[in-house]
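Per-chain numbering from 1; labels A, B, C and D assigned in written order.
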Amino acid sequence: MLIFSEYLGLRIDGRRANELRKITCKTNVIDYTDGSAYFEQGNTKILVGILGPREAKQRSASQTTQVTLNVEFLVSPFSSVERKKRSKYDRRSVEIATSIKQTFEHVIIGQLFPRSQIDIFIHLLQQDGGVLEACINATCLALIDAGIPMTDYVCAINAGYVDDSPMLDLNMVEEASFDTPNITIAVLIRSGKICLLQLESTLAVDLLAPVLELAKTGCKYIHSVLDSTIKESTQSMINSVTL
Amino acid sequence: MELNANNQKFVNESLKKGFRVDGRGIYDLRNLKIDLGNQYGSVEVQLGETRVHAKTSIELARPLPDRPSEGIFIISVDFSGPGSLQQGEKVSGPASGVAAGSDAEGRAAAQEVAISRLLEKILKSTRVVDVESLCISVGEQVWRLRVDVHFLDYGGNYLDAGIIAAVSSLSHFRRPEVLKVGETTTIYSVEERAPVPLSINNIPACLTFAYFENELLVLDPSYLEEKFMSGSISIAINSNSELCCISKAGGIAIEPDTVNLCIVVAIEKAKFLIDAIRSALK
Amino acid sequence: MTSKQDLFVVPGMEIDLGLITGIKDENSQTENSEESAVILGPGLFEKNSKILSFAAGNIATNFKDTIWVNYNKKRYIPEVSESIIGTVVARTAEGYKVDIGSAQPANLNGLSFENATKRNRPNLSVGTIVYAKVVLSNKYIEPEIECFNRNTGKADGYGELEDGFVIKASLGYCFKLFKGTALILELLGNHIAYELAVGLNGFVWVKAGSPETTILVANAIKNAEHLSESDCALMVKQLVSFL
Amino acid sequence: MSSESGPISKGIVTTGSLITRDGVFMKGHGTFVENGEIYASITGTVERINKLVSVTSLRQRYSGEIGDIVVGRISRVGLKRWLVNVNGRQDARRKSASDELQMRKFFKEGDVVFAEVQSVFVDGALSLHTRSLDYGKLRNGVVCYVSPALVVRSRSHLISLHCGVDVVLGVNGCIHIGKHRVFSHLQVDSDNDEAYLKDEQSSLESNTKAGNSSTLPNNDYSDIYSDVNDDIDISTRTNISRVHNCIVILDRLFIRLNSTSINTAYEQSLQYFVPELLKQDVANEIAESRDNKNSAMTFKLLVNSVAYGILSRTDDLSAQRYTIE
């Protein structure tokens, strides 16, 4: 019974259908990186560090005319309920790393940095559902903090159907429950185009459109949070420099 | 060896005019051949130049502790030998934006991981096989079903061919009959009683679209189209026309209504594929 | 060049050199008693004074002193003065590395183009295709190719190939196309104007007026490999009817 | 002029936001054009120089310009050049005509080099030269990295503090803090032989081009290129690390580095032991007391509004690191 109470329409954690979990984020949290971001969406906590664009280390990458992106996704053993040491190369981590690499490969303006590479280190400190989405948002924040040119913000969110009413930003319990189809979507804010779309459970065709709309409004909200954080930190930097 | 800038430009130019390099229409599938092997559950599928072989096998096993009443369903995917994606990846060039040497292998290996994970997700999420029916006696004995998918020849779009092969192999497979009388369960060998088909809930079909600059779409990309595409979206639809799985990871961003267009075409083509599989299994 | 009944050999078969003299006798009737030096072409090799074939194909000889096996293969082994189509893989200090389908990429010097001087040299980017001639090929060093006719200094067809479409075919078929005796070329020529460059390393470059005609010509050539002459004519008639 | 040109956004723009639709403007650094409209590709302030619109950001990696004075560390010697890591987009290259063996006599891996940017390659790599008096190898000190935006491109990049410490401000954000380098003996010996001075100071290839063989500077001038750190007494050592910690604080609080800010920070820090400097409360104190008139920098307001958790040098990523206000 996931809906907390029928007539109030509250979910298991007290949120309404289209309410997002509380997002707090901060940029420039790690010293010796070019850009870094700490991103919290509900209980999912992620830390991202960016190094680059710098001289490509492996021989092969130094031939290309585009920047080479390499993403490492690390799950900390204390991140979920039972403590489990997960290696960087287990299938789920590799899949999330490749999805993020593919998503940002076409958003970053790569031709400006031939024969260079950008390293993205994503560290999952705590997970409570929506891991891929939070990683995308955190990486987007860190890339902007690193001053790496991109054509747009990329914001991601998951949404789904619980007791056949559309829900936004599912946590781990909602995501894992048996009959809730859920989609993960990453959107380019300005153009509204879809960078990433993943649906992993059965869903009637006509139910897809409303959940897509809901997810896009969710992304717009996330964009506003990210944007204000970036503006704030830039403003404070400018103030302290020009003082 | 045909990965060069001229071919890339040619593929894009002809697509702008609505022509595909192998003469197909924009939404035409390549010709599909499903040959059933002599053993139950051994199927070879040919989709254009892409060839895949799938084999289903079964054995008795103890159920997993957290799911005593369910059988075990394992999907293993194998790219070794001629079917591996590393073939012909050596050539670099702006076409694939890939440098020669290890980077190409790296990219190909990641593609193989992506294909096998997607294949697994589709077969599991659409619940092709009803795992409860694989249970013989709760907590003690269940069937452990295993589908091995071998990719033999890479002609582009391994995923769709892989799904067709796996699903046909599961539907074609027969398992030994089991009779449960009170406490005693007798498992008849194939000679004693005719083997029984698996309980297949529904047959999914997967349709992959490749897209190029400014929303040009093609269904079932061939080898060249897959090398020069700027992204792809795969949509799996089950036999009662429900969406089971969508995966659009990476590549350039596309308009939402292009996604809807893909879904409409996918539903149409899925019916065709499912009928083809059913007629092949008669 | 081949005698009336083509003698088909399989790998490991012993060839007696009488064949050359035998064939020769029929034509020139001169008795050739002393041991003349015999040149073994591709497909044959000598093992403790016996000539063995390592390929399956027809024996061919030029009646004087060389004997070889015409066999079909896909992996190209560079032979001097053969025209080939290659893809530029990398730029080196003094020129380019070109992949011609052989074991190692060939070297193409930046100056080996028609009237290329130290200052104005053609600027090929990675991925462009070139029509060139093999000038150096030996087992131990990388093959060397050139894009101009050494004695006339003119390009006469060699150099960068713009646009068009490259298809892959087996070496035997390319040899037939190269000699121009293949019927399919004339049949197509009657209906469509197209440019053609045949590389003996298994690549054929086609360029016609519009994309659809190029596709038609390319597919026609590809399918005609195993068709009899009558089927070729039929196929071309059908294809042309679509135009 | 701006009256007839279309609307153009001012102040801070974030990635992907529209700057102007008017076709009259040209796109500069940090922007990109999409169907005729200019958008910001990075986050920063919009700058308009009559037709050229660009976005400058404070958080970008160092991308060099001709004439920049940089501090870097030699990362590789070979293929007729020294590769210098200047924390830029690509390692900088310093050409030399002589073979590897000779090259190592001048600079080898790990040396800290102080040089000027000669030219910028298309892929962002820089070519450096050390053709004037004070360039060359830096010794007897420590390097610390700050964000490049804090170092202002000014004429004087060598600041000698009265406590016997030299601070070399590299525009690429590398700062060398070392013992004061006495130049006197250099001027005396070399002024009588102008060619000689040019020879051992200037880069080798200009030398070989001039025809005379590359004469190896004899040993008494080898201290220009020697990499032996002479022993430094305790007091200078503490001064060096005090200045180092002050610079780290200034970087944390994102305050521009110039002689005034460093001097005032140094004076305020005198009351504390050097290791204490890196504790958060002490740093705040220094910041607060810096509120003197001439530098017009009111730290007080700044520090309160921006509470950075300051990493203490000794331990690793302590939990305090992630306290979020």
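Just so we're on the same page, contacts are C-beta pairs under 8 Å (C-beta built on N, C-alpha and C of every residue); 3 or more make two chains touch, one makes a residue touch a chain.
To keep track of the chains, here are their UniProt names: A = Ribosomal RNA-processing protein 41; C = Ribosomal RNA-processing protein 40.
Please read these numbers as outputs of a predicted model, since none were measured by experiment.
Leaving out subunit A only, with every other chain where it is, the touch network divides into B, C | D. Comparing the chain pairs B-C and A-B, the larger number of C-beta pairs in contact belongs to A-B.
Chain A has the C-alpha centroid lying closest to the overall centroid of all protein C-alpha atoms shown. The geometric centre of subunit A is 54 Å away from that of subunit C, both derived from CA atoms. If you average the Cα atoms of subunit C and of subunit D, the two centres end up 60 Å apart. Subunit C has its Cα centroid 39 Å from the Cα centroid of subunit B.
A separation of 28 Å divides the Cα centre of subunit A from that of subunit B. Of all residues in subunit C, those touching 2 or more other chains are 90, 126, listed in ascending order. Counting partner chains per residue, subunit D has no residue touching two or more of them.
Residue positions of subunit A touching 2 or more other chains, listed in rising order: 63, 65, 188. Those residues of subunit B lying in contact with subunit C across their complex are 1-10, 13-14, 17, 19-23, 90-95, 100.
Residue ranges on subunit A touching subunit B, taken from their complex, read 58-66, 68, 91, 94-95, 98-99, 101-103, 105-107, 183, 187-188, 191-205, 208-209, 212, 216. Chain contact summary for the complex, subunit C toward subunit B: residues 87-90, 99, 101, 125-129, 161-168, 202-203, 205, 210-212, 214-216, 218-219. Looking at the complex, you find that subunit D touches subunit A at residues 12, 14-18, 30, 32, 34, 39, 41-45, 57-61, 88-91, 122-124, 145, 149-150, 253-256, 296-298, 302, 305-306, 311, 321-322, 324.
For subunit A in complex with subunit D, the residues that touch the partner chain are 24, 26, 28-29, 31-32, 34-35, 38, 47, 52-55, 109, 113-116, 144-153, 188-190, 227, 230-231, 234-241, 243.
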